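Labels run A, B, C and D following the written order; every chain starts at residue 1.
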Amino acid sequence: MKQLITEEERKTAFKFPKKEDAIERQRLPVRYHVEDFDVENRPRRFLEAFAAILKHTNYRFVLDHYVKVSAKCSRCAVACQVYQATGDNEDIPCYRSELLLSVYRRHFTMSGMLRGRIFGDPGLTDQHVQEMADSLWNCTACRRCYFECPVGIDHGMITHLGRYILSEIGIAPRALVVSTREQLIGKTQNTSAIPVPALLDSLEFLSEEMEEEKGINIPFPIDQEGAEYLFIPAVSDFLMEADTLMGNAAVFKATGGSWTIGTGYFDGINYGLFYSDHVLEKVVQKIEAEAKRLNAKKILIGECGHASRSAYFFYPTFCGGKNALPVINCMEYAFQALKEGRLKLNPDIVTERVTYHDPCNISRPGWIVEQPREILKAFCKNFVEMTPNRRDNICCGGGGGTVSIDEIRPYRTTVGGRAKAEQIRATGAKYCVAPCANCKKQLRELVEDNDIDCEIVGLHDLLYKAIIFDKEKEPGVTKQDNSSNNEEEI
Amino acid sequence: MKAILTDTTKCIGCRECVIACKTRYKLDNSIPRRWSAEDGLTARNWTSIIERPDSKYVRKQCRHCIEPACVSACPVNALQKNKDGAVVYDSSKCMGCRYCMMACPYGIPRYDWDRQVPYVRKCILCAEYISDGKQPACTEVCPTEATIFGERDELIAEAHRRIKANPGKYINRVWGEHEVGGSQVLYISDIDLSFLTYGQPLGDKPLPDRTASAMHAVPYAFVGMGSLMAGIGWVIGRRMKNEEGGKDKPEGEENE
Amino acid sequence: MNRVRNFKLILWMIIGLGAAVATARFMFGLGAVTNLSDRVPWGLWIGFDVMSGVALASGGFVLTATVYIFKLDRFHSIVRPAILTALLGYIAVAVGLLFDLGLPWNIWHMMIYWNLHSPLFEVGWCVMLYLTVLLLEFFPVPAEKYGFLSKIRGFLTKLRLPLVIAGIALSTLHQSSLGSLFLIMPYNVHPLWYSPIMPVTFFISAIGLGLMMVTFESLFTGWLYRREQEVDLLERLGAAARWVFLLYLAIRLGDLAVRDQLGHLSGGEWQVKMFWFELVIVAIIPTVLLFIRAVRRSAAGLMTVAITGVTGIVLNRINVGGLVHINRGETLYLPAWTEIVITLAVIAGAALVFLFMAERFKVWEIQPVDPDADPIKMPEFHPVDSSWLGKPEIVARTKYSLGFIIAAAVGFALLSGEPLESRGVDPVPAQQARGGDTLWIDGNLDGYGVEFLHVRHWYRSGSGESCVECHHMNLPLDRNSGCYHCHSDMYLPADAFRHDWHSSPTGGKLACHECHQKGVVRAVESAKKCDECHNDLIPSEASIEVEQYMAVSYADAMHHLCIDCHTKEAVPRENPDLPRCTTCHKGQRDIIDATVLDSDRRNLTGKRTLLPPIHQE
Amino acid sequence: MHAWIEFGSGPLFRLCFALMLLGLARIVVLTIIGMVEAYLRNDDKIINWRELIGKTVSWLFPIAKLLKKRPVYSLVSFLFHIGLILTPLFLAAHLLLWEKSIGFAWFAIPQSLADYLTLIVIVCGLTLFLMRALYGPARAISRKQDYIWPLLLVIPFLTGYMCVNGRISPATYQWMMLIHIFSGNLITVMIPFTKIAHCVLTPLSQLVTGIGWKFPRGAGDKVIETLGYKDRPTWVEQPRLGLEKVTTVEKEAAEK
């Protein structure tokens, strides 16, 4: 009965329609997650998973509402950068939502019941499931269309739900599933599979490097109980974005904040946000467990859009509502420090033109929009905005987890990110600040593939360069600990 | 006790009394209802002239019984008999059960069927006017003195005097003298007035007496039934306990 | 559970229909939705909702007596549903009464204004007290589910015996007092029903009805939920009920004999037939059937008996409550559909609450369980249309609300607009026969009027365009108003000019100065005349002048129309009698030559126009 | 013909109108019940009211958004909605019908304005239809009913305009009125059951989305349990990284 999806089947099944006037799009070579799942009865299993999810979650009333109000006005088409690039009907947000809404309408409402009875509508077909599978993973889940919908339909949520259902029947990108599996039940407990000793080594190395560069000891506190902030960056920062991490440490050093990195769990990445509420919940709860273990007061998320969003918006949801610990982003922290004058920046270091890319996940809800700009304006003389910007920005093209699927890099850089590439090119900036692990990766590939002369950096990379340490005011604790180092420097 | 005596032989059917009544109580116009065709009384027509064959006219109005069924029936005392004997209506007490309309042997009280806030309406013998020593509107305006107002005893005497004085003209009966305990609106006539009670001959026994016996039994029934049940329950319970003997399993509470 | 769901859907639809009617009842008054009249002030709502409702709920006191006084513990399993039925029955009575009372917000007056002579007062008090007793008796059942109520529950359980005794005593009082209500109407209630021992017969029939109602309720819910039916228990109830019915039969017939009213039975009136029909289904059929053992032991047999018995006693209550009253005059009362709908809706509401309670709390020994409510159960798609509408509560919410609104909308559509205000009003005869041959002009519909040979007048006044000589304008924007819309009373003048309407923005939108000249006191006399604006309202040939804002009274209008013309015509026709009253008022209508009007009268009667019977002395 | 018009504007209209009102009330109530249920099931009770209300208002009065993207389309659809709402509700002729049936009415817009609005609705409706038919993305997402609706909405306006301005009418007044009434009724009754329901649901959309984004805790586990995938990792038993403190914390949690 059980049968794996064979390579052959996938090749024949996954085809994208071609449009003459649009960019010729390759077939997305997404490797779907293959578990021991029955591929025979996909419609039935899809419906069962759908029903089970409707039964236990809150999506039912949302869908009920959406199927009633959807007016099919096609305004969202102008908002979607993927559609603008491909011209493919499948990429119109409303079209994509309708794929799922039509299933809901047919199988879960009175009108669908009547349609089944009177017209003998056979209902969901395997082809339709396949169409959903193809379409839903194309979306970058940037939710720009939500702002364009006059009746207030959040296509992002429908995509979110659709992916959840598909993942329940085993249709989810392998890259996402593999990494979350490592994160949740693997040995290393993080998506990049960094073992703790390696982490400690690299932190020590970074600490030393900072001492060399800045001439001051900037420690990475590990497993300190009772610290005010539990720092949870995207795990890729530890490997690839050392500058960002150093910037974070430097800001804490300069502001004298009490923080720590937990070795029990230190990964902010939450791919559950992209494909499964179940995983989302479990990952968020891991953060909670670590915060409890270290008795932290607040949770501080590093420079990462979806990590911030999944923690900020879902921590109260999954970890005890009102009693949940407050979650803040490191940029909020830096901004607060800057406002209070605890953070001093040298305005003469970064003289090149700088622009700022809003990661969708934190800017779209209006959460972190002005803070990084204020920080940048404080020390970058040549700061320019992209158009459009702020809450109305354009996605980097790697959102919704697509960035971690290496197979589709050409698609991401030529289709998904085309609009973004044009934007960046238009600004003519040397530095593009993208305070998000996903955006950074995607944008780097984007500028590389599109030959744009622009360096993609994190906000804290620049902060690290510009920060001025107030040495007299250095807290006594660190002084004593590292007294020898300090003396040498002086 | 005041009364009205109507001599149908003198009535010319001019309806001055109807208009006077409506004017005095500012009764507005009513949509004619099918059933009001029978006697012309409506919630806004408290008195009416019924035309009988051979140009006979009979005025219909509330009879103001000496022991009124409606007053006895009203559960909230909205209908009361005042010191002059007028049966008056207190709309602020009424709850609209219409038991009075059912109880009246003459079928007098009328209802505001077409209003959201309906009241029971009928002739109130111009109660506030006669307590000031004035006359009811109808008797005041009657051009032929067919309907006159006065003390009940005097009017009864007058009625009998007229009947005696004109033998053969009147039917030898004063309507309202004895029926259901007597009423304060009296008629003498040369035609049979039984159509005012839909052909039913009324006895002399006041209607409230008929329920009184049942009502008097109420406390006894309550106490009697209560103690009977308590007694039976006690006896049976005791017998069952005896039968069960040693087994002391508490009954009742455990089951429920 | 599908059967239950469909049943509930039907109940919700009935309630929807009822909601529409209830809106009309409170917006437009009792007259709009009932066929009640001054001659028939009590109708179905009293006869069924209140009188039968109270009687139907008597199962409560009968069974509590059986179980707690006579200690017949085997009936214990049906005492809870019986108490719940009684409780809901009494609440339904109260709700039904709220519709029937003209001033329902004054219902509490019964508590503060005491009239100890009124049987209705006593009934009211007993119902209120018994309702309280029933609430206290039933309270332990829902309280089982909530731990924090356990103390009150324990206290009430201890108090049960006194409560039961008080309940029985109160029931005895008001079940019989419902009979006492009619003691005051010896001249109204038909002698076959009126009897001084009505309180006793009411009480006995209530006991029988209580037993039958418990049987019916148990069998019906058993069918509904596919429960095991307690036929063995019900058989015993039936065995008891046969003696009650036999006693009832004996008392009814014996009473007739004692009061020497047996002679009425030989009459051919419909009331006699009704009496026999009632007695047969209320007593004879159930008694006979219940004496047959096989019937008592089969669910179908018991159901038949229960239905006949219940119907019979309900019929008895309706009969006594208004149907067989003999002082109705010519007015015949049949309940309007709206009345029936309200009655059904009240019952449907009670049934829904019953089912809700039964599903929620332990009313029966075995609480019915909905298999779909299991939280972890895999949703089942319907095999035919492969749809799944959600969890049971969501399905219920969706379907029932849909049924409710559709039924309510149908109700609003059926409640016709104009007759709402004018139920019981006939079209004015003069209008009805316009263009006909002979009119019977009868403004106040009292049956006394004037014969009018229409064709002759039309011919005399020149035929052709002459209609406007007499027929004047209708109301603006009005198609076929009856005469009474302006001439609304026979004798008093009425307002023809709608000042509000003329000044309202939706109507004439006229500013004050457009009719009232500036600097002049604003009064009727100084205002513009109607025909200055409405110049096309009356054709120029008309003999009527529109100057007045007050329409004259109907009688005056008619007289004005006729006398003017007759006076003018008197000279050329050399007929001095023409303008005299007696020319038209030839006496009353029985004096008019019957043959002249015969055909027309028949036509008119066919058109719902009521013509009074010819009075003959 | 006259009888049909009477029927259409009488019982049929009452049926359709009642269905519309009750149906709209029903979906609003059902949505609110769903919302409250979801809200109670969630742990996260924080709702950003300012944001939600701000977004709702900005779409209900989309002045600022009008000129951003697709300005022509936005303007046409805005005008279409204005006319669609104002004209049926505030036309004097309709108000007279209201006054006749329910006894009161409200202020009317001038007839000339109503005429202009009607023309605007007709033109905008046709434009919207054409835009849908000619614009690629719109065509891609349109269902049959999406094409039918703008045309259907235009019909009563067109016929209504022809009734008022009889000279341009191709058929008699009666026919136009008949079509006007029946198409109006059809639209009225379909409002709560089709996408036109957005007329009452749109103000709730942002709140629905806001609450929808908060998920109930533990739902994922229940879904897995319901689906019964035995071989599915439930993420429940997770081996922890070998630091001592982690395991102790877990043990404590397990003991609790």
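One rule holds in what follows: a contact is a pair of C-beta atoms (placed from the backbone, for glycine too) under 8 Å apart; a residue touches a chain by one contact, two chains touch by 3 or more.
Computed from a prediction, not measured in an experiment: that's the story for all the values here.
Engineer: Under the touch criterion given at the top, what is the topological distance in steps from chain B to chain C?
Structural biologist: When the steps are counted carefully, the minimum from chain B to chain C is 1.
Engineer: Which chain pair is joined by more contacting C-beta pairs, C-D or A-D?
Structural biologist: When the contacts at A-D and C-D are counted, A-D has more.
Engineer: Can you identify the chain nearest the overall CA centroid, using each chain's own CA centroid?
Structural biologist: Taking the mean of C-alpha atoms per chain, the most central one is D.
Engineer: Between chain A and chain D, what distance separates the C-alpha centroids? Give it in angstrom.
Structural biologist: So the centroids are 33 Å from each other.
Engineer: Measuring from the mean C-alpha position of chain A to the mean C-alpha position of chain B, what distance in angstrom results?
Structural biologist: 86
Engineer: Please work out the Cα centroid separation of chain C and chain D, and write it as a whole number of Å.
Structural biologist: Those two chain centres are 40 Å apart.
Engineer: Measure off the straight-line distance from the CA centroid of chain A to the CA centroid of chain C, and report it in whole Å.
Structural biologist: Taking the average C-alpha coordinate of chain A and of chain C, the gap between them is 68 Å.
Engineer: Among the residues of chain D, which ones contact at least 2 other chains?
Structural biologist: 30, 222, 226-227
Engineer: Two-or-more-chain contact residues of chain A, please, as numbers and ranges.
Structural biologist: 48, 52, 55, 60
Engineer: Taking all chains into account, which pairs touch?
Structural biologist: Here the touching chain pairs work out to A-C, A-D, B-C, C-D.
Engineer: Across the complex, what residues on chain C touch chain A?
Structural biologist: Chain C residues touching chain A: 378-379, 381-382, 384-391, 394, 398-399, 402.
Engineer: Using the touch definition up top, name the residues of chain A that touch chain C in the complex.
Structural biologist: Those in contact with chain C are residues 47-48, 51-52, 54-55, 60, 106-110, 112-117, 123.
Engineer: Name, in rising order, each residue of chain A that touches chain D in their complex.
Structural biologist: 35-36, 48-49, 52-53, 55-62, 64-65, 68-75, 77-79, 83, 87, 89, 92, 94-95, 98, 111, 146, 148, 150-154, 157, 168, 181, 184-185, 187-189, 196, 223, 263-265, 276-282, 289, 292-293, 313-314, 316-322, 365-366
Engineer: Spell out the residues on chain D that touch chain C in their complex, using ranges where they run on.
Structural biologist: Of all residues in chain D, those touching chain C are 10-12, 14-19, 22-23, 25-26, 29-30, 33, 92, 95-96, 99, 101, 105-108, 222, 225-228.
Engineer: Which positions of chain C touch chain D when the two form their complex?
Structural biologist: Of all residues in chain C, those touching chain D are 20, 375-379, 397-398, 401-402, 404-406, 408-417, 477, 504-507.
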